[in-house]
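Read through the structure below, which is laid out as structure tokens, and then see the notes.
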């Protein structure tokens, strides 16, 4: 047990450093693209899957950069459907259009969003990151990490917010029922969107990355947090700048601002995204929303690591969402 | 490159030891269960997936033992459909009913067959193996390995054959279009069925296990072959008995007897199921069928290990099968 | 130091969950075989060791199943001798008859008992497990783990108890001086017998397995405990059933009921059988025997792992036993 | 011995695929920057090293991008000196100004060139890569790898050529005695410059990377070649494009065009840059120069891996260079 | 974080067991050689480094044994210079004369001292250890470890003290400004000398080995401490003798006696020399000197292991020493 | 399969470099001690093993140094017995007197010989090596490796030869029936003795070390050969000297001179002592003896590494030796 025991995790709600201009920073960042047209291209994609229709979507993300996504929905179903905006894990992209089928097979529309510049480590993607100039490290999690403005995750989180806009602009989407979802980095992005977009219908964040990062880099040295640790072990004078940058993208700060119902999952043996960091977000979810604490549930998997609840968890998500959203 | 280079693999067709009573052994084994009623139970299974209907199937496998399977097909589609009988990899079971969706989402019926006694290493299953008595090792691949009659794979291959019978007995199945498919152990089982059942419509065998085993245990020490190697490293006097037992279940012998069109995939860096062992089966596929060599194709992934072509390969399978079978 | 420091271990006596029908369960289990004749076969075994005589013994274990053992004693020594009933570690069997010589060379009779179904991982054995039907995992420690009645260790512990009966029935054994002994799994079995058989003369339990299992699966993920952890990581809904099953075989519960003098050994760096779990048994040894605390001693090896005191410990065992039993 | 034995390496001279427009591609690439002023900034850097003077140099590299370098020379030595232009290994940058002292302490001027965008894995650097847009992978060796024009090494090799121009423009440099040197990636860059710049005085290439890449990615899966392998294992359809791109930056093609005296070093157990790939460059060094084969020597270290000859090799380099260049 | 957190380290000052005859033991040991002539041989060594002059020095160490060292100083600089006596890490020797250049390039004289008998694991040396007779283990850190008189570090620490004498006897050395310095084992030796030689000018001890050894062998099992742990895991009865021996060479005891200004560096993730053991020395530095606490500073590297601050730390050392010593 | 396949091993008989003064070197070495009294001390050792008598023997080895051994024989057996002189593996010593019992329990006298200076890595010993002065590395296999005269194995092989003399001088030994035996290093020593002592009765050499060393250091980098490789990777200029030294201790040269019947065992997956190196000795066993090839047998274990045939092999040794020697 390298992190806290479960009974302490249940109450773990650390104060996470938040820069004074946190809200202003994100307001300015999002405003810069808000007025750009969001859908750049939508074209049908053949998949050999007779039960689903898929489109290859290009939307305008951070700085208007083209970001790719798969839009998939039950074939030949008219009318609007709730949509799941799904974000992917670190080192992946949107993959091939027939790879992730759960949500559309369950009857929802689904927009599966690429992660710019990450293609090639574990999965394929089609979205380069045309920004390469800010000082920092050589892997996505450290690109431009020496300043909040140049940091990679400023761009990726903006893409994630824009993906919600894109989803609402797609034909056949019920704009009032947009759900954000993801595991690991995808879970971190879902939390970020939940804190930045006031009207999403639900959040599914599993084994979320980018939460309570200041602690994560002290207790683990694997996965993407480990890449930050490695960067700091080489750039010994960069700690203050890096910690400052990371305070602008911490999922705990986003979670505190969220208002949508939320469904979490965490494996207690997760060294990649240590459980205390996810509980830090869960236990403070909605705390700064100004309203009542949103409905939220946490599903714990005591014998699992970063693979968390896997199919067992997916089944719980399906049921929870069906109960929340009702019939598509 | 721990195995042969690709240009040598293309022509690699070693003579694999075949016991004189190979056909008699399997005839007797299959005859012993052939007359038993095959479907023991079929009941609807809720999945929260609106596009699919799923049934929890129990059929009578080896010795009439109950074997579980998921029968899944497009929801509310009348008429008969071609069916994919899908076998799973070593250390897995049929999993949860919403885990493997590709074939039914492509429009086929699909019967996903449990592997008796293997649940728990990588995936869940629901089929115990009620036979525990024959001398051998402690893990499935070595259970009863000292005699062909008591060997675990005699039971599992019989289950695989019976699964085809079960599929044909299910409502809504086009009995003339039964496809057998699987990766790794599942690929080995598909080849076994292709050699034992004369009228399957197609075979999809990817990174197949249990092929040219006599070589496999000499060149690798990982995965299930490695479990055999470990057994032999401890039971130093058992080599002859083990080699004799394995000669009754070698996929090359089954492949030589096959007549159905076949689609193969192999990763050249696969240490779990070394490429030469899969090519040994592919290059001799249908050679002892007494007829012309069946249509067959081999898809090579030079930079992949046991994960082979993954989604890229699935896409190729989907297209090949659609071309072969026509419209569902 | 992944477990507790030594000063805390000295006092570590956690309450271990014990099912209400613990005693009834074991009484019923043992009664079911108690009346069966115990010795099925005893035949001389040549070993090329001139100083020892060895017999290949088959006795009736759980459900009357044949269990093999080596009976070894100083050659050409008449009269009765105290006997050491020795149990083996996980993944082993009784081995070859010339492998374990310490006890007989010290002048004792010795019965070395096979572990059904475990042959082949680290050592050879000759006893299959003819029971394969209960739901559970694919390796011995998880066979049938979903129910106490079907669990593998119900059978193995019964075999261990029957081995004492068998030893007493062998020619030349002093039935009043039966010692049970073992390391790791063997130590766990020795403790189980000590709690189930009222009149053994001594217990030698070194690095004992199966003690305080509920904690063990929370703090380690290697060795046989790790196999349980892996099973639970895949079968995420099985935790309650598994914990219930394990409560019927916990060595702490057996140790509490024991009355014989006991000699323990533990390595403080043991990740396979964490020291706290062995101390949990030692510190409560005899606590529920209804009588005075039996003589007991604990030998700690601060720089050792699961190999514990090895030959140093054997020497201590030899001296302790000689002092306890007097002349053979 | 995972690569060829030494006697075969001595003669190993494979034909390396060279695109028809290889020379045109590089001519166009270099011409695009050739006319830009090369020195952007030169300022003294304090180092606490009394025997050396150091300047922080910024020169205009590919596309005129600012590239940083340390210019170091014996303190208070007037007149011109031969200069070593030194390139760094993969995952490093120019480091701190007091880190690499050998060449200046030997009496030479030395320009130590940053590698754009690589800072942070093993060493620090100060040069971001402002180009991020071409499709490819997520680590430097795969950035933009799907096209020669967008590939990272097109930019880095151009920087390396420009560094020679920059060195010649620095005060106190004898422009007729410019030596290029490096280990691993640095050795690959030195070879590239040797093939692209006609008048360098000598080349020191140790354990050179980027040579005979088409073979390297088939026989190793560690280090930066392993990153390409990993990219191809995920991007299974990219092999042709990647091989085409790599044919524009292969060190064998550069080596064939070289004319300067060359000093090589290779460890026979090098899995990062397999020895056959370095010998492929060495054995064909100067073969396409149109003139006599330049003076060249190869230093083999049979018991070393990628660390090659280390200090032993440095000593040989010092002596060889002193003999070649005479007095500074 | 396997050791204590930083806020606890800041105050960590454990009482370290000190034998009653600690001072007498060392006085007798040093007196035995004090009267021997120290310089046995000093001859110029060619290095191809024009900025430095190097001599190959042999001095009389423990028992008068010849110990080798490199004496290096700025070329052609007359007058006396402060001298850095530098000790090397475990498994190394003085290396080749052109390997470690920082201190002489900074303008100091430097004596780089071989470690007897350690050559060959990570670096080369030229000093055998002619004493092989005392009982103990097979690697330097356990040679003769069963008795203080026969222990290897008694010899090595004496060599380190004698190196200071040798440095003072060399031409061009300012005997009043002798600095002792080293990393890891070298840092431990520097502390030992600081406690044994009253008039050194400064101490640079980074990631020091041999401090608070009694704790180190309980919390780590890697590096040279791990070799002691391994020895104790085999020699289970040797713990008392080994702990007694180690109490004579503990860096905390030496540090307590020190009077010179000291500069420390520690990586918080150092498993080889755990941070608490270095802080134990730092926090008690000078505590038993009978005078005021000497000037001391500790540089912490939170993301580094045994590589500590590397070049960043060297820069801090250079500045600190320049401020302390003034102009050479 | 990292070494040659079995069919090539069967015929593998490489010419091993032999220095011209090989015989003279050993004659001089052995003569230097031949005249010294061999038994220094023999005293009874209590073991708590009633079937055996044990004495703690000290004999005069190389240079007359005291070497320890256990002399063990069936208790209370009068008359002379054949004796097995047993040598231990690398990193071990003679252990505790009750650890290795097979040979005495089989009815033989047995002298178990310590390996000077090796205690502590895997097992305990009681014999320091009082020679520490020759240049070389830091671990036994590299001590003094730069010269044949100073090399550690010159001393150890001399000890092994002297152990035969000591055995013959012990009471109750049949001097005409002295068998030398060992595994790994012990097997190498047995071969050395077989080549140096003309009248041993039999040789048991299993997985022998120190054979065809010139090849071994080229194809493996683990175990003691790996320590030599590591030494050479650091001492890059030492290759010629090391190869020369090793040519004086190569087991192939000893085996060629042997005349006694020999029993070999080898695991085909042995990376520590590669099978080709053992076959090189076996295939040339007795080839230079001047007489007929001695009786010899080779036992191959295809699925084993350095653990070779273990108990299975011991059983074969017992039978072979009983047939060869007849009744004790």
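Chains here go by letter, A, B, C, D, E and F, matching the order in which they are written, and residues are numbered from 1 within each.
One rule holds in what follows: contacts are C-beta pairs under 8 Å (C-beta built on N, C-alpha and C of every residue); 3 or more make two chains touch, one makes a residue touch a chain.
In this text, all values refer to a predicted model and were calculated from it rather than measured experimentally.
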item	value
Contact distance in steps, from subunit D to subunit F	1
Steps in the shortest chain-to-chain touch route ending at subunit C and beginning at subunit B	1
Interface residue identity across copies subunit C, subunit E - same or different by half	different
Distance from subunit B to subunit A - Cα centre to Cα centre, in angstrom	38
Centroid distance [mean C-alpha coordinates] between subunit E and subunit D, Å	38
Rounded Å distance between subunit B and subunit E, as computed from the means of their C-alpha atoms	64
Subunit D, residues touching no fewer than two other chains	230, 312
Touch relationships between chains, expressed as pairs	A-B, A-C, A-D, A-E, B-C, B-D, B-F, C-E, C-F, D-E, D-F, E-F
Footprint of subunit E on subunit F - complex, ascending	91, 117-124, 126, 128-140, 142, 230-231, 234-235
Residues of subunit F touching subunit D in the complex	217-219, 221, 229, 232-233, 236-237, 239
Touching residues (chain side subunit B, partner subunit A) in the complex	48-52, 74, 95-96, 98-99, 101-102, 104-107, 311-312, 314-315, 318-319, 322, 328
Residues on subunit F engaged by subunit B in the complex (per definition of touch)	1, 269, 301-305, 307, 309-310, 312
